[in-house]
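Note that the chains are named A, B and C in the order they appear, and that numbering of residues resets to 1 at the start of each chain.
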Amino acid sequence: MTALLRAFGLGFGFQARELAVSTNAYFSLVSAPFFTITLLSMVTYSGRGDLASYAVVAPTLMTLWLAALMYAGEMISEDREGGRLELLVASPVSFPALLFGRLCGAMLLALPAFGLSILAAGLVMDAWITIHHPVLFVLTALAVTVSTAATAAAFSALFVLAPSARIVQNTLPMPVFVLSGVMVPITLFPGWLEAVGRLLYLSWGADLMRDALAPEAVEHAALRLLMVLALGALGLLIGGATIVRFLRRARSEGTLSQV
Amino acid sequence: MTFSPVRAARTVRGAAMVAHADFWTIYTWRSWSFAWLVRLLCQVVFFALVGVLVGDPEYTAFIIVGAAMMVCVTETMLTSSSTCWERMQGRMPLITASPVEPVLLFFGRSVFWPVSAAVTTSVALLAVPPFFGDPWALWKVPFVIVLAALTALTTYCLALVVGALALSFTEVRNIASTVMTLYTTAFSGAMVPLDFWPPVLRWIAQALPVTHGLDAVRALQDGDLGAVAAASGLMLAVGAVWFVVATLAFRRVLARARRGRGGLD
Amino acid sequence: MPALEITDLTRLYRRKGGEDFEALAGVDLTVPEGEVHGLLGPNGAGKTTLCKIISTVLLPTSGTVRVLGHDVVTDTHAVKLALGVVFGGEKGLYERLTARQNLDFWAGAYGLSRRRRRARVGELLERVGLDGRADERAGSFSRGMKQRLHLARGLVSDPGVLILDEPTVGMDPVAARDFRALVHELRDGGTTILLTTHDMAEAAALSDRVSLIDRGRLELTESPGTIGDLVSAYERVDARGVPDHVRDRIAALDGVVSVREDQGSLVRVETEQPDATLAVLRTLVDSGVRDVARSRPDLEEVYLHLVGRRGMGVDR
């Protein structure tokens, strides 16, 4: 267990350091304020200023997801192309734990999106958001971030197992954003579609975040928070198992260093 | 060098053949329809649902048209990436050395984006509204397709200018197209009417071909063919201006390269 | 307990739609603790495959490999802890990070605590002569510097056994000399080293024993002195425009192994004694042949001689 934690910590610290020197990555933050302005203009135009907080939550979750998917797509294949995958496998570190740590570290990239969206809403649209349940908001943001990294770990395994899955990287975000209700709560969907959406940690996270911003008391906060983490953990388990399987196969076929 | 239409056509055709090959290495028929098209349609649905959220069916119909037209912009703006492929694959010196008019070459080079965009935009415009209870009248369908194609073509002219910029600053190539797409989505009258924004933004929007494309499609919804023609004419004019700008921009990029600046290696 | 114990090791690679490729065929090798063992062979001989299997990144098809008594398939974790690995070439570094950050990461991967990490990294940077450039990005390093950083990386866990796969490829002469000094230093400290190379001089200068590997088979294991003697004994003379009767005379000389005609007019003479070379040269010059060159054979040719002499039958 300590070995896993140490691998996680190593990956986290490593990625945080790498992030500090890769300025290009921060470009991906630009979409958050633009999306905030677009969505906010839509609710304002239709006289529903009460939904302003929705227009802040959605872009931040979207940025988080896009960043996670971007890193999931690159991390293993970059190590492989850079001749580092073999060295990592030759070292005693737990590769899945290291990868998860790195993905969590990479999520630091998306954190400023929260601030950018809130600022864009306030400065451009004069809609200053009040966080009515700050503790819950921070906890939810953390839980969603960790679960996003966990889900990304599962995808990173998929990307490396099936290179053609890369097309998924481009395709997946939009359907997921719709299905998990990052902007429009899935309670508005027909029952069967809502049920599908409930399988995604992101739908629980989006609901809880919106509730944390609203003045009303939040029901079952702890349980829902747990749900976000549990669904994330499921992703991590699947991802971890897939990665271990991939490494085993690559070691047997001699394809660890293949470009 | 005098302008020869035959040579120009050859340049475009030659480059378009490269484009064709590139496109089908990125996509197969299956991945294009199941992945790319689905992604773009979901984008339309994503915005349309905001209309459902605020509980206004009329506004929902407005958003669907806007979001569908944004599909056109999203896809066409990818031009700036594919323009840079020329540079990254080290073909710039060959282009600089050849006698072709650069804009024609780059026009052909990325032409698969507007072609694909015309199809995806048509599908989005035609396929999404029925799901929200608002299908097109049959006689309007050909007009929808023509307008989608014209919007793709004119937006492509603007995208080429962005591509010329990205050619000089390759590190911004993805961000340039992303920012253009995001800006257009926010401020071209796609999601909310232009009147919602202050005058400055309204004026800037006039320079975006898709603003007039949106006017044309919305006029078609109202059945006002005169307004459709007027908006289309304006869109073509704006597109033509961007094409001239793109011509000059590409010439400038290559001239700079020839003087040893801009490092097109 | 030997540091490395390889028994009947075989590795096959699946080839799409073709026959399987046998990269290693029944390799047996035992390296006692503290030995520097050179693994000498041409490209594609199976050196890298062997290194990868020892370092647990490739599974053997059959046979066993033990590192300090730990099996590489069943006791992977213990093997990893006991082993340092340096694969040749420039790849394998995090180019955006500094030399120090790279080493710190790998020290972490080998489970060193934060405090031990700092001390170890500083010490290693000094040892490979990178302490002055420690805080520069690895991506900005020259090839030689990158290789030194790789070496430091391999030493990060202070391993009992060190695998060096073609560590000096592309190193400049000064760096290569420093590298050799470092290998001697490590051996004096008791580290067991398996070093692969296709450079005979390097193998001879560094190793306690040398094994020759070719086409996945370990052909023989000797002290470098023996192999060095054998190598220096072989020479060859190339000449153009040699009349037939002169060729026959040369072929009859003592110590001449073979006379072959290559690419039409080129005649290649191979000798087994230094005196014989002299006699061949004299004969050629006396017969008025002016286009003459003398050279050392390359590795593959020496194989032919060495392996052929031992009657171990490599069919070529």
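Methods note: a residue touches a chain if its C-beta (ideal position, glycine included) is under 8 Å from a C-beta of that chain, and two chains touch if they have at least 3 such contacts.
Worth saying up front: this structure is predicted, and the values here are computed from it rather than measured.
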**Asked** Using direct touches as single steps, what is the fewest number of steps from chain B over to chain C?
**Response** 2
**Request:** Farthest from chain A by Cα centre, which chain is it? Let me know.
**Result:** C
**Chain nearest the overall C-alpha centroid of the shown protein atoms** = A
**Asked** Between chain B and chain C, what is the separation of their C-alpha centroids in Å?
**Response** 57
**Request:** Starting from the mean Cα coordinates of chain A and chain B, work out the distance between those two points in Å.
**Result:** 30
**Message:** Nearest whole angstrom, what separates the Cα centre of chain A from the Cα centre of chain C?
**Reply:** 46
**Asked** In the complex of these two chains, what residues of chain C are touching chain A?
**Response** 11, 13-14, 49, 52, 55-59, 77, 80-81, 83, 85, 87, 89, 91-97, 101, 105-106, 108-111, 137, 153
**Asked** Which of the residues in chain A end up touching chain C in this complex?
**Response** 3, 6-7, 10, 13-14, 17-18, 21-22, 82-84, 86-93, 98, 251-254, 256
**Prompt:** What does chain A use to touch chain B in their complex?
**Reply:** 24, 27, 30-31, 34-35, 37-39, 41-48, 51, 54, 167-168, 170-175, 177-178, 183-185, 188
**Prompt:** Along chain B, where are the residues that touch chain A in the complex?
**Reply:** 31, 35-36, 38-40, 42-43, 45-47, 49-54, 56, 59, 63, 171-172, 174-175, 178-179, 182-183, 185-186, 191-193, 196-197
